[in-house]
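Below, each structure is written out as structure tokens.
Two complexes, one shared chain (subunit A), two partners (subunit B, subunit C).
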Partner chain A sequence: MSLDSEELGSLFAVIGDEDTCVGFLLGGIGEVNEDREANFMVVEKDTTPDQIEACFKKFLNRPDIAIILINQVYADMIRPTVDAHNLEIPTVLEIPSKQYQYDAAKDSILKRAQSVFNPPERRY
Partner chain B sequence: MSHNEVPFDELMAAKRESRARSSVREIRCLLDDLHLQMFHLMEDQELLHLQVNKQSCRARLFLARTRLLQGSERTSAEVRLPRGRSYKALTRVIEVSKNLGKALKITRHPVEPILGYFRPLTNIFGSLVPESLRLASRHWYHCLDLVAECANTRKELQWTITSIKMLQSALD
Partner chain C sequence: MSGKDRLPIFPSRGAQMLMKARLAGAQKGHGLLKKKADALQMRFRMILGKIIETKTLMGDVMKEAAFSLAEAKFTSGDINQVVLQNVTKAQIKIRTKKDNVAGVTLPVFESYTDGADTYELAGLARGGQQLAKLKKNYQSAVKLLVELASLQTSFVTLDEVIKITNRRVNAIEHVIIPRIDRTLAYIISELDELEREEFYRLKKIQDKKREARIKADAKKAELLQQGIDVRQQANILDEGDDDVLF
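Take a look at the complex of A and B:
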């Protein structure tokens, strides 16, 4: 994180449907900087996976963002990119959306945790 | 040299072997502890996710109730969310030192329009807002607190997984 963000604090970023973005912005996380760059992206019906991936990578590269919130349904569209991110900061959190519930089996960190341990082989 | 005396080289080799065996045993014990910690953190992560799910659903219900009461047409969120002028986030996270490493903590800046810190409710919806939106705003505040806790657990889980992989490769 940059020195400025250390003094002010770092930002949340959100990639989600309308309700998710409006909701978290009501919580006070929204910011638009002098270059008109926002820390949120509303995914509409015609938003492509490439656009979602570009926005996700942009948020990953910003030094002032510490937590990225993304609806799991959109994380699934860019699953290889989300799973490839294994740094502690920014932390990527997959959250449920209005229509799709959270599925722990798809979460990247839990998949990584499961790959760590191998159950002992059964001896018949 | 009598037949009871052990050669010095063999004695040193035996000592080295026993030291290596005890360090391997220590690494294995540490691995067991880390695995246990990982399982606890996975459980905490799941519980926090459930709470975030529950809280965000509750908050979305308030938003839906507002739309129903106001009877407004569904406009694109891109148009509604303010992007015309720059403004700053009231809710941010800072890193604070804890027992093991650093944790993320939420800070909330007071509303100061002159410095660009606008009240989110009025910034998005204007000055006359129904009570249900104010209630929704409070629920989303609480949701963010849970999200920060979830992020901390996730960071710790990530660190534990990395440590386990390092130790496993040291044993191999």
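Take a look at the complex of A and C:
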């Protein structure tokens, strides 16, 4: 985290369906910078997992983003990438979407939390 | 691990002292690291409980927010495109602070409001109340998510640090301390060996001296029988006078 982004304050990023994005934008987290790059991505019906992954990686690499919100449905599509991300900043938060029930068992952080309580079998 | 795994050091008293100091240091370090691991572990468990609590709470808050979005859409028609197109600057931003737990810095997020509301006039025609409610709901959702993000970041950081600390504790306990112990045992055994050798050598010298004296006495007795008295004869090395002190 660079010093000036700390001074300026960091941003959220949202990857989600239209309703999720609209809701959070009305909440006041949306920003479009000088290069017309938005900090949110609306996933349509015909958006491919590759596109989601590319966008997710782009958000990960932006220094001004501190928290990435992603609908769990879309996180599931790019699960390996989400699980592989283990840096502190940006933090990836999986949020429920309107149509789909939130499944705590799939969340990558909660999965790690579970493994602390009941550690997986050790294989030698 | 064999009994031969020890530090390459010459077995001497000095080295023994050195090893003893190192052993004391290692034990002290082990105790301290263990305390640190315990402190982190405590914090970690606390955070874990909070995360699970907040995650379930988040489900409820998001549900309510989504519901109010549906309400707002019902009253003011489809506002999605208008909202998506009119994004300019973020109103809610995140500040990062640092929290310190047993020497580990944990980032803590904090949201703050900055600048004007872009959608101030949205819903002016109709559904303004619903939109205001919607904004409020989503803002509270954002606050909760920020809190959750802080917890999650702390969780990831602590998880990593706890692993490292435990690894160090175990390394000291099972590798470093036994190795120093073995080195000490080796030094002590070597020193004992030297002592035994020395003792044997002294005994041997005493034996030799006694033998030599017996021989000399026998020779003197023989000479005495022959009529030569050597008992009173002065040694030429012995000058006979007392030491003179100036």
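In this section, the second predicted complex is superposed on the first by the 115 of 124 C-alpha atoms of A that agree within 3 Å, B and C clash if a C-alpha of one lies under 4 Å from a C-alpha of the other, contacts with A are read in each partner's own complex, and residues count from 1 in each chain.
What we mean here is this: contacts are C-beta pairs under 8 Å (C-beta built on N, C-alpha and C of every residue); 3 or more make two chains touch, one makes a residue touch a chain.
Note that the coordinates shown come from a computational prediction; the quantities given were computed from them, not determined experimentally.
Once the complexes are laid over each other on subunit A, subunit B and subunit C cannot both fit and instead clash. In the superposed pair of complexes, A:27 makes contact with subunit B and with subunit C alike.
By the touch criterion stated above, A:60 is placed in contact with neither subunit B nor subunit C. After overlaying the two complexes on the shared chain, residue contacts for A:98 are found with subunit B and with subunit C alike. In the overlay built on the shared chain, the residue A:69 is in contact with subunit B and with subunit C.
Across the two superposed structures, the residue set of subunit A contacted by subunit B and also by subunit C is 1, 6, 8-12, 18-32, 38-40, 42, 66-67, 69, 86, 88-89, 91, 93, 95-96, 98, 102, 104, 109-110, 112-113, 116-117. Considering their complex, residues 1, 6, 8-12, 18-34, 36, 38-40, 42, 44, 66-67, 69, 86, 88-89, 91, 93, 95-96, 98, 101-102, 104, 109-110, 112-113, 116-117 of subunit A touch subunit B. Against subunit A, in their complex, subunit B makes its touches with residues 35, 38, 42, 45-46, 49, 52-53, 56-57, 59-60, 63-64, 76-78, 80-83, 85-95, 104, 107-109, 120-121, 123-124, 133, 136-137, 140-141, 143-144, 147-148, 150-151, 154-155, 157-159, 161, 164-165, 168. Residues of subunit C touching subunit A in their complex: 44, 48, 51-52, 55-56, 58-59, 62-63, 65-66, 69, 79-80, 83-84, 87-96, 107, 109, 112-114, 117-119, 122, 131, 134-135, 138-139, 141-142, 145-146, 148-149, 152-153, 155-157, 159-160.
Against subunit C, the residues of subunit A that register as touching in their complex are 1, 6, 8-12, 18-32, 38-40, 42, 66-67, 69, 86-89, 91, 93, 95-96, 98, 102, 104, 107, 109-110, 112-113, 116-117.
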